[in-house]
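Each of the two complexes below includes subunit A, the first together with subunit B, the second together with subunit C.
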Partner chain A sequence: MEEMRLLAEWKYEPKKLYRGYSKEFLSVDLGREDGAFSCDVLPVSEDMIEKFTGGRGFGLKILWDKVTPRSKWDDPENALVISGGPICGITQYPGTGKTYTVFLSPLTGQTYNSNAGGYFGPFMKASGFDALSVSGKASENVVLFIDGDEGVVRLFAWEPEDRNSYTVTEALHDHFAENEEDKRNISVISSGEAAEHSWWGALNFSFYDPRRGLPRLKQAGRGGGGTVLRDKKILALVVKKRNFSGTENNPADLSVLQKVGTKLHREIRQNDDVQCLMRKIGTAHLNLVMNDYDILPVNNFKFGRHEDIMEIDPVRYGFTQGYADGCWYGCSLACAKAVDGFELLTGPCRGQKVTVDGPEYETAASLGPNVGIFDPLWTIEANFYADHYALDTISLGTGLAFVCECFELGLITEEHTNGLELNFGAKDDLLELIHRMMDGRDDFANVVSQGIRRMKTLFADKYGADREIMERIGMEGQGLEVSQYRCQESMAQWGGYFLTLKGPQHDEAWLIFMDMVNKQLPTFEDKAEALFYFPNFRLWFSLVGVCKLPWNDVEPSDNRIRYKGIEAAKVPEHVQNYLEIYEGVTGKPLSREEMILQSERVYNYERIFNLRMGKGTRQYHNIPDRALGPVFPDEWEARSEYFDGKLKEAGHDPEGLPVEEKISLLQAHRRREWEKLVDAVYERRGWTPEGIPTIETVKRLGIDYPEVLDVLERRG
Partner chain B sequence: MILVNGKEIPWRKGMTIQTLLDECGYTFRMIAVWIDGTPYRNDQFEKVCIEDGADVQVLHMISGG
Partner chain C sequence: MKFLKYRLDRCTMCGSCMAACSKAWAKKDDPALSRISVNNVTGLPDIKVCNQCGGCIAVCSSMALERDKNGVVQIRRDRCTSCLICVEFCPSASMFFSSDIPSPFKCVACGICVKACPQDVLSIVEEKEA
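So, the complex of A and B:
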C-alpha cells in the first residue's frame, strides 16, 4: 500500500455515552486548500436535543450553522454531517445501526440526507461523538482517522493509485487493524473515482465480514454525498473502536431493550418466512411483486411489467447466498445479501472473482428492467462497478434509462455518445458508459453522470435535442432521479415522490398499495393525511438511527386482524416498540403524538432550510408527465382497456379518439388533479399555498428561532 | 356480484378467498382480507367461501419502499 503521511493530529478525551448521547460532536475543517486544518470538539446543547433529537436533525442544525444562503455544494463551507441518533448502536433490537449524512447536494442545490447501515455510526458514537461534521477542502487527497480508544484524530495525506471504493476500503481495514480480528473494529466511509466527475457520487459505509474475510459496503447512495466527499479531497473517513459492547449507549433501562428486542426477534423468526422473506431473499423479492402490480419500471418507467420477469427471479439467479446476513450486530431481519465468487467480465477488474453486495430491489430494478435488461449477471456486474466507482445505483439506472429513451427517440445519436449505441437493452454499450463515467475523460459520460436535470439542459444546448420531450420523459423531481417504483396510477404516490423535501426517493412515503390497490385513500383529504402522517412517522427513523425495514417488512401475525384499515398499515405494535425503546435508551417517555411532533419539527425546519437556499417553494415541486400517465401511444396501447377506463372516469368518452388525443386529455386531467393534491397536502402540513410553513406552524412546533423567522419574513 | 375494494366482481358458487386473490392477480404475501367487516387469517383463505353480495376488502400491507 502507498505510504500515508501524517498531516495533523489532535487528542481528545472520549466522552462516555449517557442515555444515548455524548452531548458532544466533532467538527473538522480542512481549510481552504491551504493546509489550515482544524479540529474541535463542540457541545450539543439541551435545546438541540429537545428540538432536533439526533441523526438527521443534528445534521440539519449543524449544516445550517455552517453554510450561508449563497453557499453551493462545492463551496468549502458545505459540510458532510454524519450522525446516528440516540438509538443508533444498540444491539438488542433489529435495525439499529443506521447513520444519516446531511449535506448540500450537487443534484438539487439544497439539503439532502442519505442513510446507510454498516458500523460507522455506532463506532463514532462509542468514540464519543453524537455527530461528525467535515467541512473545508484539502489541497491533496486525505484520510481522516478517529481512534475512539486512544482518543486521537489523525489526518493523513494518501495518494493511492486506485481511488475506488473496494480498493480503498480494504486497504484501510488492513492498514489500521493490528491483526485479522481487529479488522472488525474498523469502519470506513469512502467514495470512488466516478464521484470525482459525477454528481451521483455515493458514500460507501463498511463493515468487516469475518466469514468472508473482507469488508462489505452499504451505500448512502443518493444525492451526491460521495461527490461532496471527493470535492473536499477526502478519500475516506475511518473510525476504530475496540471492544464495542451492547451497552455502549448506557441506556436508561437495558431490560426494556432486551424485552422488546426479544419479542421482535421471535416475531421475525416465526413470520419472515411467510411474509417478506427478508432473511432468505432480501429486498430483491420485490421484483416479481412489483411486476405483478404494474409498478416495476420498465424502459424508463414506460411500462410496469415485462414478460421476461422470471429471468430476474432472485431465487433462481442467486441474488442472495441464501442465509441471513446483517449489516449491524443484533439485526435478525438480516436482509443484507451478497453474490460471492462472481467473476467480472469487463473493466479494470476483469477476470477477478469478487463478492458483490446486493443487488437490493432498487438496484435490481434500476440496472435491469428500467434499462431494458433482464440479465442478472449484467445487473450484478453493473452493481459491482457502480459501488466500486461510487455511483448511486438508483440515479444511475434512472439516468441511463432516460439516455436510452433519448437515443431511441433520436434526440441524441452515436455522434454525441462517442460511438455508443445506447438503445434499451444495449448491455455492452451501457456497461462501457458506466466505465467511462469512472475515468472522467469522456465528455458524454461526464454530462450523463451529472443527472437528468443537467442532461436536459446540455442535450438541448449542445446537441439541439427537443427540450419539451425531455421534460415530459425525464424522471426527476427537484433535480433528483426517481427511485424504482412506477407511480402513475397512485395519486397519493405522486405526492409520496414529488411533494418531498429532497426529491423523489421513496423513504418519505410509499402509498401505492394503500391508494392504488386497497382504495383506502379516496379523497384528497385522505391522501393529504397519509402524506402528513407517513413522511413524519418515517422521518423519525432518521432522527434516532434505526432502519425502516423492521417496522413493516415483518409484522405481528395478528396485525391485520387486530387493526382495521390504515391503522393496520401503521403496524401499531411496532410503533409501541419504538416508543418503549426510545424511553429505554433516553429515559424520556414518548407518546405517539410526541413522536410525530419530533419529526414535524425537523420536517419543517428542513423545508425552511431549503427556502433559505432559494428553493423550497411550490415551483420546485415539479412532476414530469411520465409520472402522471402515458406519454407515447405504445404506453397507452400496452394497457389500452385500463387507460380507456381511466379516461371515462375523467369524464371523456374514448370511443373513436386517436391515442394521442386520449393521452393529451388524460394528462390534462391528471395535471389538474395534481394541483388539487398539492393544495390539500400543503394545507394539512400547515403551509401556505406556496408551500411555505406558516409562522403559526413554526411557533406551534417551537422552531421559531430568530434565523428561522428571518427566512420566513424575507419571503413575506 | 361481490364488491372487492369497492369494485364489482362477478361472483360464482364455491369462490374461496384464495381463488378471488388469484383471479385478481393479488400475489403479494402480506394481504389482509376482511369480508363484511370480519377479518380472515391467511390459513383460512383456501377454505372460506365468499357469499354472493359480499363486501370484500383485500388490504395489501405496506412493504417495500
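So, the complex of A and C:
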C-alpha cells in the first residue's frame, strides 16, 4: 500500500473505565489547512454526565461548545463527535455496541446524529475515551490512529490511489494489525470518494469478521457525516484495542448484566423464528410485510405494493448467507447479514467477487421498489457500490426515486441527465448514475447527490422544472430524505417522520401499525402522547449506546397477554431490562420516569441547538403532499374505493367528482389535520405553538444553562 | 471424540462430582462453579454436562470455541468476550457462567469427577468419528 507519513504524535495515559465512563474525552483539531494540529484529553464533568448521560447527549454538548450560530457544515469548527454512552461496549446484552456521531449536516444545516454498530465505539471507550471530537481541516489526506494499549494518538498523511471505503478499510486493518489474529482488534471509520462531492456521504464503521476473514462495514449513513469527514480531508479514523474481554466497562454489578442478558438470549433463541426472523433472514424480510399493508414505497412512494414483490422475497433469493452475525459481540439477534462471493457486473470493481453487507430492509426497499426495480441482484450491486463510494442508501434511493418521477413527468430530460434515461426500473442507467456520483465529474450526478431539497432548487433554476410539482412529490423534510415507509395512511406517523428533530428518519417513532392497523391512537391527544413517549424512549438508546432492535424486534412470549394496547407496544419487560442494565453498569438506580427525563433533556437541548442554528421552529417542520396522500390520479385509482371511503370520512361525497378534485379535497382535509396534530404534539412536548421549548420546560428539565436561555430569549 | 457419559439411574445426587470439579477448576468447593450440574427435579436427578456436540462453535462469532485433538470443545480465553450467547444457545444447557469468572465454562472431559463419584455414575467414553 501507499506509504504513510507521520505528521504528529501525542501520548496519553489511557484511563480505565469505571462504571461505564472514563470521564475524559479526546479532542483533536486538524487546524485550518495550516498544519496546526492539536490533541487534548479533556474532562467530562459530573454535570455533563447527569444532564447529557452520554452518546448523542455528549455529542451535542461538545458540538455546541465547538460551533457558533453562524457555523456551516463545511466550516473548520464543525466537528464530528463520536460517543457510545455508558452501556456501549458491554457484551452481555444483545445490541450494546452502538455509537452516535453528531455533526452539523450539509443536508439540513442543523445538527444531525447518526448511529452505527461496528467496533469503533466500544474500542474507543476501552482506549479511555467517553467521546472523540474531531474538528478543523487538514491540507492533505490524513488518517487519525488511536492505540488504546500504548496510549498514543498518531496522525498520518496518506494518499492512496483508491479512496473508497472497502479499499481503505481493508488496507488499514492490514496495516495496523501485526497478524491475522490482530485484525479483530481494529476498527476503522471511513468514507468514500462520492462523499467528496455528495451531501449524502456516509460513515462506514468496520468490524473484523474472523469467520469470513475480512472487515465488514456498518453505516452511520444518514445526514452527510461522511461528507463532513472528507471535507476535513480525513480518510479514516482508526482505533486499536487488544484483548477485548467484555468487562472493560468495569460495571457496578456484572451478575446483573449476565442475568438479564442470558434471559434475552434465551428469548431470542425461543421466539425469533416465530416472531421477526432476524437471525435467519434479517430486516429484509420486512419487504413482504410492508407490501401486505400498502406501506412498501414503490415508485417514489406513489404506491404501497407491487405484483412483483415475490421477486425480492429474501427467503427465495437469500440476502442472508452463511450464518447469523451481530455487528457487536454478544448480539444474538444478529441482523447483520452479508451476501458472499457476489460477482460485480459493473463499475471499477467489475468482475471481482466480494462480500456485500446487507442489504437491510431500508436498502432493499430504497434501491429496489422505490426506484421501480424488483431484481435482488441489482439491489446487491447497488448496495455494494453505495457503501464503497459511501453514499447513504436511504437518501440515495429516495433521491433517485424523485429523479425518476421528475424524468417521467418531463421535468428533466436526457439533455439534463447527460444522456441517461432515468425512468422507474431503468436498471442500467440508474446504476450508471450511481457510478457517476463517485468522481464528481458529471454535473447532473453532482446536482442529484446534493439531495432532494437542492435538486428542487437546481432543477427549477437550471432546467426550468416546475417547482410546485417538485415540492409536492419530493419526499424530504428539513432537507433530509424520507426513509422507506409510506406514512400517508397513518396520521401519527406523519408526526413520527415530520415532527422530528433531524428530519424524516425512522429512529424517533414508528407508529404505523399502532395507529393505522391496530387503531390504538384514535384522538389527537393519543397521537401526541405517542409522539411524546416513543421519541423520548427511543432517544434513550442513543444516550447509552444500545440498539433499538432487541427492544421490540423480539418480545417475551407473553408480552401481548400480560399487556394490552400501547402498553404492550412499549414491551415493558424489555424496558425493565434496560433499567436493570443501566444500574448494573453505572450503579445508579433508574426508574421508567427518570429514563424519559434523561431523554427529554437531550431532546429539548437538541431542539434548542437547532433553533440556535437558525432552524428549529414550526416552519421547518415541513411535510410534502405525497406524505399526506395521493398527488396524481394513478395513485388514487390504485386504491380508489379506499380513498373514496377516506373522503367520505372527511365529510365529502366522492360521487361524480373528478379524481383531481377528490385529491384536492383530501389533501386540503389532511393538511388541516396535520396542523391540528402539530399543535397537539407541541403542547404535549412543552413547546410554544411555534415549536420552541418554553422557559418552564427547560427549567423543569434542568437544562436552563445561560447559553440555552440566551437562545430562547433571542428568539422571543 | 472424548466426552463424559452418565447413568441417571445410579445417581444419588450426592454432589461429589460438582465438589471435585469446582475444586479442581475454580479452586473452590462451590457447585455454582462446577462444569457439571446435578439438580434434584421432582425427586429425580437431572444432570447437565457437555456432550461435546459442538453446537456452541457455530454460534460464537469470535471463534472462541474450537475442538482440540481429542474432539473436546475448548474455550479460547484470548478470544472469548464474555457475551454468554453460547450459554443460552447450548442445546444441552451445559455451558455455565458466573460473575466470578466472566467468561463461560464447560466440561472438557478431564475425568476428575469420574474418580470422585462413589456410585459409578460417570465415565469418559471415546467415540470414533463416523
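Just so we're on the same page, the second predicted complex is superposed on the first by the 715 of 716 C-alpha atoms of A that agree within 3 Å, B and C clash if a C-alpha of one lies under 4 Å from a C-alpha of the other, contacts with A are read in each partner's own complex, and residues count from 1 in each chain.
To be clear about the criterion, a contact is a pair of C-beta atoms (placed from the backbone, for glycine too) under 8 Å apart; a residue touches a chain by one contact, two chains touch by 3 or more.
Nothing here was measured: the structure is a model prediction, and the numbers come from that model.
Trainee: Given the touch rule stated above, what does A:R70 touch, subunit B (first), subunit C (second), both, or neither?
Mentor: A:R70 contacts neither subunit B nor subunit C.
Trainee: Does the superposition put A:K16 against subunit B (first), subunit C (second), both, or neither?
Mentor: A:K16 sits against neither subunit B nor subunit C.
Trainee: Looking at subunit A, which partner touches more of its residues: subunit C or subunit B?
Mentor: Here the partner covering more residues of subunit A is B.
Trainee: Which holds for A:H265: it touches subunit B only (first), subunit C only (second), both, or neither?
Mentor: second
Trainee: Report for A:R441: first if it touches subunit B alone, second if subunit C alone, otherwise both or neither.
Mentor: It touches nothing on subunit B or subunit C.
Trainee: Looking at A:S245 after the superposition, I want to know if it touches subunit B, subunit C, both of them or none. Which is it: first, second, both, neither?
Mentor: second
Trainee: Does subunit B (first) or subunit C (second) touch A:L254, or do both, or does neither?
Mentor: It touches subunit C, and subunit B stays clear.
Trainee: On the A-aligned overlay, A:G326 touches which partner chain: subunit B = first, subunit C = second, or both, or neither?
Mentor: Only subunit C is touched by A:G326; subunit B is not.
Trainee: Which part of subunit C faces subunit A closely enough to touch in the complex?
Mentor: It comes out as residues 58-59, 61-63, 78, 80-85, 87-89, 97, 99, 102-103.
Trainee: For subunit A, which residues count as touching subunit C in their complex?
Mentor: Interface residues on subunit A, with respect to subunit C: 91-92, 184, 209-211, 243-247, 253-255, 258, 261-262, 265-266, 269, 323, 325-326, 329-330, 332, 334.
Trainee: Tell me, which parts of subunit B touch subunit A in their complex?
Mentor: Touch list, subunit B to subunit A: 5-7, 25-32, 34, 39-42, 57-65.
Trainee: State the interface residues of subunit A toward subunit B in the complex, per the touch definition above.
Mentor: So the residues of subunit A touching subunit B come out as 274-277, 283, 286, 288-290, 292-293, 361, 485, 506-507, 509-511, 513-514, 517-520, 548, 552-553, 555, 559-561, 564-565, 568-569.
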